[in-house]
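Scrolling down, you'll hit the structures one after another.
Look at the two complexes coming up: chain A is in both, with chain B in one and chain C in the other.
Up next is the complex of A and B:
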């Protein structure tokens, strides 16, 4: 009797999932058949006018840091909140990771590797408006440095090199910097997070110093994401 | 309308600066928090004053290709709730919160920024982003005390709120795919050509996602757990603002994007009223069984939100006015009740109803405030809850929902029973010697302020109704809203 109960419960769950899937399938089928390709004026505008209006060759960057920069501020805040939650929720105790089980090859290679990671991260951040990349991606690469230190040499060493307090402060500074750069728009008589509209010189598209305020926003997001991810990783690896 | 964007970024900036002050300059913490809250109050009053006629603020000056903020009377009402609750709660928390003080204030400020963003934005994806900001920080506040119950509540909350967000995000993506735009006004215009079936499916996703966050009855089970062992000043903001902001988003999406005609045709109005009736009957019955004061108030919150849903889903002008007035009143009444509970907890860590036996003789004024607020929430004259409930009943009768009007009266008696239970316990003589820690003025003044508002809004309801009376114009006729957003 008990087994029948278990099986029927399982069937019930599977049935729910399958019926939801069939429902979604029909909806998606209907939506797909609808002729909605004519309504792409927003993305068409971004593609055709994006370079003139924002000065950034990378369209993704121009949408993320100019047209919809306010969303980026919100997403950065979500990341900051997540990092803050993890760092206070996870108990601060000594880690139980094994000492250094790696051979000397690993630790030596890590040392060689780190400058390259720094250069790559910097490149992704600073050239975010010209090439694929940007603050989020560059920040992740920068965050790899403390993460690599943690994995290779344990948490203590990583936190000795990059103090947790310093990381938290630099995360906050990145977020504050983003808002302050946005406020420049208000100071010049336009709106919050305005770039070209606030008469900021956009420069020649394709140069390193161009696209107005976008590179600086990229740097701020890079600092914030790098510090935030490092905090998240180190908080998660600490165990009771 | 520069102030509109400041309403969002000032709490964010404050939260970031608190993060820095935690490490380097610990001394400026309290002045920073208080002064920021006072400046914030001023900004809010500025924005509320300019909410009629509505204003549009374009972030980045991109107009229709970027993100727009819009202040209309409906968002003005929510800013008014923030203005009334935020400063008292902050003053209260400075003394009340003892552990993880910095984290508490960081999350509170981020949560407020998220709610202000949800209320002000006129962009569907921006709405989702700020919804995530507010619900994630709200989860963090539930877990703040790090007790087992608190963590359990936070975990349930996190899972359910993520599930809700998933459905909202899915609906947002599909809407963008169908219409090619994220501006609420443009979506509403494009939606005229979308077939009925697809529109209903999208509506179902939106409704399911938001109702999970609001907590109507079959989807409510996570909610009382989040109230049980979280910092009680946070509960004031949670029941007054976090749940209400989901109501706001749902109503905005339904009335502006889908339009009242579609809601009527698809039968959602009838479903909404019926759902509300079921919810408050069940919630009242569940509240009656609780022995924990916070859980009792949580179930009462679910029931009150159900009244609000009935008012908003009746679909007439009177219903919208009643529902919106009840949103404001419930925030004030529940805020008072939670703050008094918090003082009882602070003074002698009372959590259960038996623990507060005889406290009325120790705290006469605070107990009187509690009685006033609980009679107001039951819906007795001359308090504010009576007027808004009366407006809801009247609107329900006018549009033919006689059963809803009847059951609201039944629900009033049900809620009277369990609130009377608490009041009687409060005023029963207790022979046991009670040792209490005196709450200072900074704890009792915010409580008495909110409690007095219960009477003020009950005697002079025209004060808030001047703002609320303008709300239905922009909800019932979404053409008006669209015209302002596209043209203004």
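Up next is the complex of A and C:
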């Protein structure tokens, strides 16, 4: 009796997964077969007019930081709220990581590894409008540096290198700078976060300083995401 | 040739996904997640989507693994048989 119960419970789980998979398969099949000319006019507009209107070669960045920049502000606000609440709830007593200490190989490899991570993160942020990447991904790469320091050495060393107060200030600089750059559009008589419509000079498409306000928005988002993820990780590791 | 590689990678993706769900040891499951992410990165590059490939490589293979390792470290880790 018990054995039948266990088998039926396992079959129930597998059946749930399989039915969900079939459901998603039908939905994706229907989405794939939508009529192209009647319901895809927006993506056609982005692909054909995006480079002239925003100046960014990477169309993903032009959607994220120009056409739909307000959604990006919402995502950044979610991360800011999470980091603020976690650093508010962090206890005074510090808990240590359990487990064995690492050998010398791990610490030496970490020292060699960190400059490459910094260069890669900076590249992803600054070339966000020219190559794949962008503020979010570059910020995550930057945030991996204090996380590696925290895991390899201790929380104390990581917080001695990157002070928590400075991390909080830089996150605030990122969040407020994004909004201030957005307000530039209103000052010139257009909409919030307007770039090409507000007569910002777009420059030649393909150069490093081009695409109007998009590189500065990328830098702000990169600072904010990097500092926010580092704060979240250090707060979680101190939790008992 | 590229079709053969693509299909093989899809099969490996299914194998790693099922292994990740149905394995007993939770640490094995966590370490299988970056392998899943790495296979997915190659599939994204074959499908000519470099943006999601970079996001997947950084977030799924790097950040999520760190967070799961910390979660296992904080909670009681018991080896099941």
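Please note the rule applied: the second predicted complex is superposed on the first by the 196 of 240 C-alpha atoms of A that agree within 3 Å, B and C clash if a C-alpha of one lies under 4 Å from a C-alpha of the other, contacts with A are read in each partner's own complex, and residues count from 1 in each chain.
In this text, a residue touches a chain if its C-beta (ideal position, glycine included) is under 8 Å from a C-beta of that chain, and two chains touch if they have at least 3 such contacts.
Fair warning: this is a prediction, and the values are worked out from it, not measured in the lab.
When the two structures are aligned on the shared chain, A:236 is found in touch with chain C, with no touch to chain B. After overlaying the two complexes on the shared chain, residue contacts for A:82 are found with chain B alone; chain C is out of touch. Within the superposed three-chain model, A:132 lies in touch with chain C and out of touch with chain B [touch as defined at top]. In the superposed model, A:140 makes contact with chain C only, not with chain B.
Once the two complexes are laid over each other on the shared chain, residue contacts for A:112 go to neither chain B nor chain C.
Of the two partner chains, neither chain B nor chain C is touched by A:4. In the superposed model, A:187 lies in contact with neither chain B nor chain C.
No residue of chain A contacts both chain B in one complex and chain C in the other.
Across the complex, chain A meets chain B through its residues 23, 27, 30-31, 34, 36, 39-43, 45-46, 66-71, 73-75, 77-78, 80-82, 84-85, 88-89, 165, 168-169, 171-173, 175-176, 179, 182-183, 185-186, 190-195, 197-198. By the touch criterion given at the top, residues 50-51, 53-55, 58-59, 62-63, 66-67, 69-70, 73-74 of chain C touch chain A in their complex. Per the touch definition, chain A reaches chain C in the complex via residues 58, 60, 97-99, 124, 132-134, 136-137, 140-141, 143-144, 147, 151, 229, 233, 236-237, 239. Across the interface of their complex, chain A is touched by residues 2, 5, 9, 12-13, 16-17, 19-20, 22-24, 57-62, 65-67, 100, 103, 106-107, 110, 113-114, 117, 125-126, 129-130, 132-133, 136-137, 139-140, 143, 146, 174, 177-182, 190, 194-195, 197-198, 201 of chain B.
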